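Per-chain residue numbering starts at 1, and chain names A, B, C and D are given in the order in which the chains are listed.
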Amino acid sequence: MLNIGIMGSTGYAGAELLRLLTAHPQVKIKFLGSHNYAGQEFSNIYQNFAGSFNDQICSGADLETMSKECDVVFLALPNGIALTEVNEGILSKAKIIDLSADFRLKDADVYEKWYNKQHKSKELLSNAVYGLCEINCEKIKCSRLIANPGCYATCSILALYPLLEAGIVNFKDIIIDAMSGVSGAGRAAELGSLFCEVNETTKAYKVISHRHTPEIKEQLSVAAGAKVSLIFTPHLVPMNRGILVTVYAKLTDKVTYEEVLDAYRARYAGEYFIRMTKKETFPETRWVKASNFCDIGFALDEDSGRIIIVAAIDNLVKGAAGQAVQNMNIMFELDEKMGLENVPVFPC
Amino acid sequence: MLNIGIMGSTGYAGAELLRLLTAHPQVKIKFLGSHNYAGQEFSNIYQNFAGSFNDQICSGADLETMSKECDVVFLALPNGIALTEVNEGILSKAKIIDLSADFRLKDADVYEKWYNKQHKSKELLSNAVYGLCEINCEKIKCSRLIANPGCYATCSILALYPLLEAGIVNFKDIIIDAMSGVSGAGRAAELGSLFCEVNETTKAYKVISHRHTPEIKEQLSVAAGAKVSLIFTPHLVPMNRGILVTVYAKLTDKVTYEEVLDAYRARYAGEYFIRMTKKETFPETRWVKASNFCDIGFALDEDSGRIIIVAAIDNLVKGAAGQAVQNMNIMFELDEKMGLENVPVFPC
Amino acid sequence: MLNIGIMGSTGYAGAELLRLLTAHPQVKIKFLGSHNYAGQEFSNIYQNFAGSFNDQICSGADLETMSKECDVVFLALPNGIALTEVNEGILSKAKIIDLSADFRLKDADVYEKWYNKQHKSKELLSNAVYGLCEINCEKIKCSRLIANPGCYATCSILALYPLLEAGIVNFKDIIIDAMSGVSGAGRAAELGSLFCEVNETTKAYKVISHRHTPEIKEQLSVAAGAKVSLIFTPHLVPMNRGILVTVYAKLTDKVTYEEVLDAYRARYAGEYFIRMTKKETFPETRWVKASNFCDIGFALDEDSGRIIIVAAIDNLVKGAAGQAVQNMNIMFELDEKMGLENVPVFPC
Amino acid sequence: MLNIGIMGSTGYAGAELLRLLTAHPQVKIKFLGSHNYAGQEFSNIYQNFAGSFNDQICSGADLETMSKECDVVFLALPNGIALTEVNEGILSKAKIIDLSADFRLKDADVYEKWYNKQHKSKELLSNAVYGLCEINCEKIKCSRLIANPGCYATCSILALYPLLEAGIVNFKDIIIDAMSGVSGAGRAAELGSLFCEVNETTKAYKVISHRHTPEIKEQLSVAAGAKVSLIFTPHLVPMNRGILVTVYAKLTDKVTYEEVLDAYRARYAGEYFIRMTKKETFPETRWVKASNFCDIGFALDEDSGRIIIVAAIDNLVKGAAGQAVQNMNIMFELDEKMGLENVPVFPC
């Protein structure tokens, strides 16, 4: 039985983490950390939890306190906090799974440029493992500090990694067009997230400037063995959950559908959470909802010599809380699927 | 291990049943019946199921065949089929949980009037138990044929039963104003269920003429020990799932909030799926989504001498598939909650 | 040509007012007042206005300044401001149409109780006319200060007024169950209005305590010639616009459908914006969207001796900005329909 | 006063056409054609029209009959009908504006391949003018037969035309990633358009195979003066109306933001319905809703040498009915904006 702490449990990712952990047979929740709601019952804030688990009071405990009593602490906090809170002392007591961007980029300069913050824990960056489970499983096993990937990054990297690694697509000519549901923006009370501002409309945002861009580039460069160049454009779509990415990549050479499929299958052999859709069928976010699956499909366009890849995840599960649990399972040598095997919920 | 057949598995209720049963530790799916999709893989139709269970081919098997190999067969079919298919022979082989309206009304004349069909299995009506688990648990235990309640009926009856039974509200002056998500209309390709006809609008429909009215009346008359009179008005709301009922009932006498709460608590003592909301807090459909809970809250209006009761369920779970599984658990003496204990999913 | 000022033009009601006035042939916008956006181009905030009218800079001008240069000033401000800003001096210069609640209730004590504010302009209450155009047209014509009705109140009162006036329904036994789209909550950045908190769910709110209750009671008491008793329960529905009310009222005597229809027709003779739906057809909010119509339909329930009335409006038009323009038209002896004749937009 | 006939008036595009024409000062509706609803009142089907115009009975009249009494007949019919109905005799009596794809492609072979139908009116193709008003205004003026552009095609072509014409982007390397609201699928009762199948999800569809692809290629090839190569991927988004396209095109040479903006401004000088968004601001579908505007914005990505263009229209207005009215205005030498000047409706 693992003792668990969550900091930031009352955000959407934190609450989703609790929902998943409630169904996990090998954990015990010790701390439901919350800055804003310390002292209140968790089920007062998220009434879905009423009656269905041993309700707990939100705790104002700091990371130091949690790390003493927990085997693992999840940090579901805004960017910029984890890098000031995590240190060697903490890591000597508990494993950390950080859902923010603070330890995702190996290059602190890139972090400082894109996040407009000084990185005060550069010495920990070499310890941190980028927790994309299907790619970095071996490193995750022996890690103390996991940088849980961004939602867009998870979906984009999983779609492209095998093809870059296999040299099937050109690492200099990649376009990622992505769409996200609104929960990706978190639970902050901001004008741009109001129902009437988001419903019945769609838009591109942070064109050329979204912070997941360097994260995707860095990871895909590992796959390619060379510095990847790409454009990433996110769009906001009026739905609660889900990310869909449509990738356009130049093929290095002629390939058949089956050859590409083989590359995916080889790379993702035995990976339960990767589902390749059938030929001429493409992922839809509804088929992965409330689950940890990443669905991937593709088509080849002979005329342009490009491949079009479509991938879908639930941004709060595989794009955040679910992958965090998957990381925990791997770190503690549990079955990777534990607590994450549910069938996606549809219609929902 | 119970062997299970589902007829009509490719409708929304049928697929939800399969989703819940996939997580149930004591069942084995033998037949996924489908009239329209016989011979196709189930996960071709509902791609959420891809990879996550031992995929099966939809079967065109009839009830006779299923009943021979199954312990229980769920009928998730349009109204009017169960009453021609179920008979003594079938019931001697397998237990039947019927999600249609065919066996809900004890009075066949009422059925024939409201459903505009001849009832050809009147002799079975005395066998059928109205499967509202929190009310009829004892009868369900020894039943062979369950009439699984309608979605609106489930929510409305649970909201009112304890107060009618306790004589707290007048059985002659009840108004039930209800709202439902669109999945309640099923998966038939009809103009009125198109996205653009339903989205961004709301309406009352079947005013004074909705078929759940006699069902609610019949059951509440049992509670009241007298023929209940009520108005039931359903509304369609642009969301996938969820039912919310707002009930206005005349109090027979002055009561305090606590006295009413006690009546609910006494009647629903130990009932896991009934959650009373806190004072001045009222149910919202989001807090029960994808779960088998029924949330109930209320307020007293001194000025008019009325109580306002608000109750919420997920129409596909407690209002259909979840309650069907709960009925199965009770019939086979399993833990009533088995396979149904998940925390509701939010935001979703 | 009327010179117009709008205070609070960057809220949803204010912007809708501007949209309607842009299509009005007899007005000239002099001031687009905005506390938060003074100095910015209006079309920077509401980009729908780009290019389509002579763009203007938001003004920080106060009511004093506006009243000097305008024939009429619309106040689309939070409750509690109009009552401190409007005074005899202002009213001697310009007519005022106030969209807040400040001058709606004749009884200042009731205002103070429900709005939890001191009413500092009680002396003006006798000047103020409740601007429900189909009811108070004659008074509006000679008014200087219009209290533009609340959205729920408009729809509820229009549904009931003729029947109370004609004595067809009992003034002591009325239930109003109402649903609103989210724009009714305004544009403030609040947690409860976030997309993910509102989408895919529905709830009752402010049960027994919504501030439109005393407003509805006061006006309907005029119709009834006696103090009306009623319950009003609003619900939030995941759509941008629209209000639907379902009213349950006790009939004083037996009546036919045609007799009731005649009462409506007599009262609303010549009223362009009132549309009675056909028998067995009921209003839906989609049919009034972006228009100033109020649709009304009803059914009689013999069993309970009640009438069920359904009425629908667009909360931002007939429930706010459209009715404000209609009031202006009446006050200045223009055609009441001027600028408001568009066909409702569907699907939208 | 122009006499107008509409065939297919009860589809979404047909009804939108009627809505717009109702506000047009120079037209008189003679025929509201409908195959399915002939003999019924139009406002029985679209209740938004109740009371707001001189209601009419849907007519089963054929094109021959309509053309005798009308100056212009709009065909809002499924693909494949116009090409069998329109002929020289018809065109000698009335002008035709066809909203289907039948006369959009100059190359009948391409039509036959993509639409899987024989083209029986090839001789009329040279008469037909592709009615993209901002591009083909002069030809439209003297045309008798307008092929009203597809919704995706309108938005995509307007986004790219000036830059291809000016040689700013490479005609061999274009990616168009597009999103549409559900009304684009029309009003047919099909499973894929049901609320629960579309709501809360997004997907790519008809990848590499959407029928607007050859239409976009043909028109852009005119702009480029060479055969354009491109990928077009449509996505379905859970909203009623709106199209957003995000275009990725390779720059032929280094250019500044201002140089690109100048190319747009030069090409679209005086075009009321084209609105360029401000630098670092991008179109959103909400800002064009229920209007004939096409908003365009862009950014330059130095790293990849690409331009990212975002454009938005209302698919039922500029993408169908609005552009049809604009075409009519041009053909009959009316002000191009007549009946189309309304401010977009928001939030809606």
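What we mean here is this: a residue touches a chain if its C-beta (ideal position, glycine included) is under 8 Å from a C-beta of that chain, and two chains touch if they have at least 3 such contacts.
Source: prediction; values computed, not measured.
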Note the shortest touch-path length, in steps, from chain B to chain D. 1
Given the two chain pairs A-D and C-D, which is bridged by the higher number of C-beta pairs in contact? A-D
Averaged-CA centre spacing for the pair chain D and chain C, given as whole angstrom: 36
When centres are defined as mean Cα positions, the distance from chain A to chain C in whole Å is 46
In whole angstrom, what separates the CA-based centres of chain A and chain D? 39
Using the touch definition from the top, which residues of chain D touch two or more other chains? 12, 183, 196-197, 199-200, 238-241, 284, 286, 289, 347-348
Help me check something: in the complex, which residues belonging to chain B touch chain C? 173, 175, 177, 179, 181, 196-197, 199-205, 207-208, 229-231, 233, 235, 237-242, 244, 246, 248, 282-286, 289, 299, 301, 303-304, 306, 308, 310, 347-348
Given the complex, residues on chain C that touch chain A span 12, 182-183, 187, 189-191, 193-200, 238-240
Which positions of chain B touch chain A when the two form their complex? 12, 15, 19, 22-23, 44, 46-53, 183, 200, 240-241, 272, 275, 277-278, 281, 284, 286-291, 293, 295, 341-348
